[in-house]
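Lettered A, B, C, D and E in written order, each chain numbered from 1.
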Amino acid sequence: MLLELTNVVAGYGGGDVLRGVNLAVEEGTITCIVGPNGAGKSTVFTVISGILKPRTGQILFKGKSLVGLSPQQVLTRGLVQVPQNHSLFPAMTVRENVELGAYMLRDRSLVRKRYDEIQALFPTVRERASEQAGSLSGGQQRLVEFARCLMLDPSLVLLDEPSMGLDPKTLREVFKTITTMKEAGRTILLVEQNARAGLRLADHGVVMESGQVRLDGPSEGVLNNPEISALYLGGSVSKQAAGA
Amino acid sequence: MSLLQATDISKAFGGIQALNACSIAVEQGSITGLIGPNGSGKTTLFNVITGYERPDTGTVQFKGADISKYGPDRIFGLGIGRTFQLTRIFPRLTVTENMHVAIKRKGLASLLGRWSASSEHDRALQLLQFVGLTHLKDAPAGSLSYGQRKLLELAFILVAEPQMVLLDEPAGGINPTLIGQLVERIRELNRQGMTFLIVEHNMEFVMGLCNRVMVMHRGAKLAEGTPEDVRANPAVLEAYLGD
Amino acid sequence: MATVAHTQTSAGQPGRSGAGRWKPFQIVFWLACLIAAIVFPLVFSSPAITTIAFFTLVFAAAGTAWNIFCGYSGYIALGHAVFFGSGCYTIAILCAHWHIAGGWLPFAVVPLAGVAAAIVAVPFGVVALRTRRHTFVVITIAIFFIFQLLAYNLRGITAGSSGLELPIPPWSGYVFNLPFYYVILVILILAVVTSWFVRHSKYGLELLAIRDDEDRARGLGVRTGLVKLSAFMLSAFFVGMCGAVWAYFVESIYPNTAFDAQFDVLIALMAFLGGLGTIAGPLLGALILQPVTQYLTISIGQSGLNLVVEGVIFLAVILLLPQGIVPAVRELIFRRFARRDAMPVAPAPPAPAAVAPATEPNPPDSVAAERS
Amino acid sequence: MSLVLQGIVTGILTGGVYALMAAGLTLIFGVMDIINIAQGAFVILGAYLSYWLSVHLHIDLFLGLFITIPVMFVLGVILEWLLIRPLKRDRTQLSILVTYALAIIIEGLLYFFFSADNVKLFAWYTTQSIPVGPFYLPLIYLLAFALSVVLLAALYVLLYRTKFGRSVRATTQNRAAALLIGIDVERVAALTFGVGVALTAAGGMAYGATTPFTPNSHYDLISRLLVIIIFAGMGSLGGALIASVGMLVIENVTSLLWSPVWASTVFYVLLVIILLVRPQGLFGKFATRNQ
Amino acid sequence: STGGGSSSSGPITIGISLSTSGDFSADGKAFTQGYQLWAKDINAKGGLLGRQVKLVFLNDASSPQQVTTNYQTLITQDKVDLLFGPFSTLLTKPASVIANRYGYALVEGAGGGPSVFTQGLHNVFDVSLPVANNLNSFANYIAAMPAATRPKSAAYATEDDPFTQPQVDSARAILEAAGVTTAYYKVYPAETTDFTPIAAGMVNAKAQVVVTGTLLPDVSAFIQAFHQQHYNPEAFIATAGPDQGTQFLQSIGGAATAEGIMVPNGWYPDLNAPGNAQMVSEYIAQYGGTKSDISSDVPEAYSVGQVIAQAVTQNNSLDQTKLIATLHSGTFQSVQGPVKFDSTGQNTQAQAYLFQWQNSQLIPVFPANVATAPVEFPKANWPA
């Protein structure tokens, strides 16, 4: 296992938000977490990336504990996170924002090379390179955040709702990139409210609810589990429309 | 006469023409979808309609009256409420207090009276129940999860019962099951006479809910029609949906 | 009173689940405060003490008034000395103009001074309230200086740097302070009551919404310009009255004592220290800060070390009770209540209501209880 | 006419001194979103350090900077660690209190060690001047202006041309995101505070060499410095220089042509008008949009 | 507190509020020294009415509000027997009101602004020179010069302060009457920190006489600016600042720069007045330095003590009513010369002397009967 959470309990000052989370991410796979709003999905990410310290429990990455490490140290271990909202530097240009993704890298030519690759991949990054990131539209900002995480070549990428705000075409690009990353040997852990799409992309599905993992297994199984489907994956809107 | 009519709206930011002679009309009692690629100007159009941005040219009319020069407070007062794509709630107020900000003030008495004793209080609590935030009603809104904030914002717009509601990506980040319930709720409010204009990238949601869909592209309207028409429109496929 | 509970939740604390039981305590607490304030100068009748008590109440009232606007709306104004000074000059000029002799009569002019300050707040507010955050802070500082400079330079009205004198009451030293004490106490009570009403009204909620996100509030129909300006005027009205009473007490005013930059800083500090946006906060802040600074100045002021001790006390309070004293104490009390109650920020029960039945029952209380 | 010209020239030169004092404030403000009320007190402390070195150890004022700047830097780093870092929430507001407390502590200590007497810094060049056309340019102002330009340029390079600078600006704009891309925001904050305070050593020396001071002088300074940096737009270094110069030129010219008592009034009125038109300050930027 | 007021055998307590921080702290320090020197002297002589004298100092941080508290504390809590005044007109006003309220006499040495005496109080007494006349000796000296050598023009700049401005205006009236034209006259705010434009204006006016209504910081800034601008007026006088001994010399960079600068005062170290020589020598013994290092604040404070002591001794009582009556009627001696109060409490006997820095000494140069050297006119150029 590349990443393993055992009995993680964590919270923000008040009560516990995570109440004993157990989670394992296998190397070279895509794992997708789904669950209701407020289940604690994003909290799992903040705990892994060292922003929030767990109260108890163990987090192992490549067999070594991450507990107590600062966000930089976690990053050095090869773990990158794209948070759910607003993580750009609004007054800096798009280019500076993307380049800052490689803040930890010392090799300048490598940074340049990566940047060239990324701007080839995403036209928005290229076209808006010298504009303030804060002036972009919601979806464009989301895309830049995603592009930024590609600057490092991490072994594990945490993506919190990569699909949010993206138009269908861009969404396909992003999902394609995620698959490419996996094929290149990266491991990906993502949270998706666009649950069916997320699970279809993933190898492994995790259902979280009330700060605990409720179900964990191959994504096919999760997708096809009728109870889970009804509870967390929603029915089809068009079907209901037909009824109305 | 449409309920809301935006005519020839243009808006530029530096070199970027966010809106380019864009005209749309929303009929009373409809649920209209507004879709388009990222950066096509949907949010900017919302900003212009709700008074957060002045158009460079063009006019916005609501119920036949020109509102292009009004501020957001006045426009809300006329009956247009909106949510934001990047959710904006009042982080240091409790969830319940957030609900009360939007409730209309009727005269000085209601302004100076205690909000917690107001007649709308029960309705606010019911809506919280609906979006599943009852257990968090006394928590500061800033401590909500992303999706919960979105739901809260939606709830406090709905509690104000505006005549027309503009929703900017209401389904993004919301659990699919709850989306289903949202759809139901929107339909019901619509039956009671509320008009909706909804920006959303979740096609299932848009196509299932809306009776009319407009497509924006590069700051102007590209297509308009029933969901089926739009879905079949090759220009829309090309610009937005992809193959 | 539910006062404390409400403000507390908006400061980011657990909810008011204990508010029901909390209420009688609060009423008793406030009543006790009131009685203590009334009998204080009768028990501690030494003029040395009543003088400090008087100044303390002046600051408590001014701080409470400052908080009505700044604490609730989040606009940190450092120019309220303009209102204080306007109050001072109004009473001085009116007393001179109407030939009012020392005694009770000048107190009747005090409300007029408040009105004058509120009138001054209109142009001040119209200009300053168009800006926000740091720009607002600096604009208020700038406007403060403009007023101070006007007080210096409009010699025809203010007598410039020679200052103005107020009529001297004929009362003997040992009872002299009492009328002033009770007049300012009445103003303080009015200010606190006003603050309470504002805090619990829809109007106050609008101010708080402005604090959190003004543009969003506008988009929800809050007439932000009007709400801010009226609160600013309300705040100015009380500060102006404080200035008038203060001026009558010290009996001579100058541009730099009536329009005093330190006053701006002090009332803000008191509100911060006690708890910004709470009702009792500025009061408590003044109750602590004013006597402590005056006492330290008297007791160890000879070496200049009073400033060091003052600063260190300050630092200690801020670093130990960062949210201010009132919220900190309240959190403490709530912890005790929470021992028996569930904390409201409990783990999320099954999220969408309709989905609930299918999931296992999951009483939030059990977890919360064991945690606290 | 030459009088006006002279007013402008001396305004520009004295403006340099103010810019030097304001630069640290705007840096700390811009990066940490902290209004450092103690900045004026640091300036005075810096001036007293220079004074002490020159009176007791006979070290030249400019040479003394090689001692006082590092000392003030270390002091800044320590104070950030001790007082600012522990503030976890409402930093912006609480830091006003903390730094105010710091200011009065510094003032009190200066009373204790240096007494309340007026002090001024002297060196051979403080009374020298260079004839230029019809008037003389005081050498100390020229030197202070040069020092100011050099230090501001160095600071500019540090902020806009180095990786450290980028991390500083990133931290300013989005602390949480800066953490996630691997910036050690606490280290950035400590260094920024250190640099901001270190600049006051130079600013204090320049101030003390041109104006008599007492431990109490910081009150007059801080309000003027705050005004300058908001006028400039927070975090803008070039803006700070231009705003300082603008302020002093306006005051000088009004003072010469009309009356000193109206000089500040004119400046403040102008300030209010300009901020109403550009609330973000002359060189500030707004990056947020409604969406 | 020891409650000295009630006992008749313990020490006599004297309450004083002075500024150890804030705007007046520098003067506050000098005043403290003056009061303490006096107390030491009188105690060495066996005290007052046979009792030792004890001074109770409170710091007022230069704030009128604190002064109000302090004098009430001194009177009602410490129950002091006598009150000495604070420093400055600004603080003397509230202090005198409080003293009046409790029937105390307030004798002071540095609250000479005219508004102190127009309040209609009968308990306030200023032992020093009435402020408005301070510069008159200088103006009269210039006016008395032969027309040929008399300067033709003068430049005036004064802080907007009730202490300085009346003096400058009074001098200006005399000079204008004597045909000295006004080339520059500006009032500037007390908060000014940047004096360059005012200095530039005066330099530009190229007047032969410069009269500044200043306190120490401003005058040293002016001197530096004039020095830098190579502007050498023939006469240069400041209302205050050059009388502050070491502090003054430090703030202008040494005695060489001080050469020829004038200041009006009611006192000088060699003044032939009762107790003066002793005070000077004790000051030097206690605080070091030379006699020209002594700030004129010191004798102002010292005189307060002397005057009260004489009045108390005359009455053989600490009774305040009697004290006030005696102060109004009697004539007293002080290190600043004779003291006699008019009905408002100003000293009618005070002499205004003109002093000038010559060869590192501040010496009296006018009027002739006290002058130890002639006026150095024109003033020497600034050192290179």
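Just so it is clear, a residue touches a chain if its C-beta (ideal position, glycine included) is under 8 Å from a C-beta of that chain, and two chains touch if they have at least 3 such contacts.
The shown structure was predicted, so the numbers you read here are calculated from the model rather than taken from an experiment.
Colleague: Just to be sure I understand the contacts, which chains border both chain C and chain A?
Modeller: A chain counts here if it touches both chain A and chain C, which gives B, D.
Colleague: Counting only C-alpha atoms to place each centre, which chain is farthest from chain C?
Modeller: Comparing chain centres, A lies farthest from chain C.
Colleague: A-D or A-B: which has the larger count of contacting C-beta pairs?
Modeller: Pair with more contacting C-beta pairs, A-D versus A-B: A-B.
Colleague: With chain centres taken as the means of their Cα atoms, state the distance from chain C to chain D in Å.
Modeller: Using C-alpha averages as centres, the distance is 31 Å.
Colleague: Chain A to chain E: how many Å between their CA centres?
Modeller: A distance of 76 Å separates the two centres.
Colleague: Quick one: report the Å distance separating chain C from chain E, using the average Cα coordinate of each chain.
Modeller: 41
Colleague: Counting in whole Å, what is the centre-to-centre distance of chain B and chain D, each centre being its mean C-alpha position?
Modeller: 47
Colleague: Which residues of chain B are in contact with two or more other chains?
Modeller: 43, 52, 84-86, 132, 136, 143, 175, 177-178
Colleague: Mind pulling the chain D residues that touch 2 or more other chains?
Modeller: Correct list: 107-108, 111, 116, 215, 261, 264, 290-291.
Colleague: Residue numbers in chain C touching 2 or more other chains?
Modeller: Touching at least two other chains: 12, 14, 149, 152, 215, 262, 303-304, 306-307, 345-346, 348-349, 351-352, 355, 364.
Colleague: Under the definition above, what is the set of chain B residues touching chain C in their complex?
Modeller: 50-52, 71-73, 76-77, 81-82, 84, 88-94, 97, 100-105, 110-116, 118, 129-130, 132, 134-140, 142-143, 156, 160, 175, 177-178, 181
Colleague: Which residues, counting only chain B, touch chain D once they are in their complex?
Modeller: 43, 47, 52-53, 84-86, 168
Colleague: Considering the complex alone, what residue numbers of chain C touch chain E?
Modeller: 46-49, 51-52, 55, 149, 152, 160-163, 165, 168, 171-174, 176, 246, 249-252, 254, 256-257, 262, 294, 297-298, 301-304, 306-307
Colleague: Hey, which residues of chain E end up touching chain D in the complex?
Modeller: 20-23, 25-26, 28-29, 160, 186-189, 191-198, 200-201, 203-204, 216-217, 220-221, 224-225, 227-230, 247, 250-254, 257, 382
Colleague: Report the residues of chain D in contact with chain A in the complex, numbered from low to high.
Modeller: 163, 166-167, 169-170, 173-174, 176-184, 285, 287-289, 291
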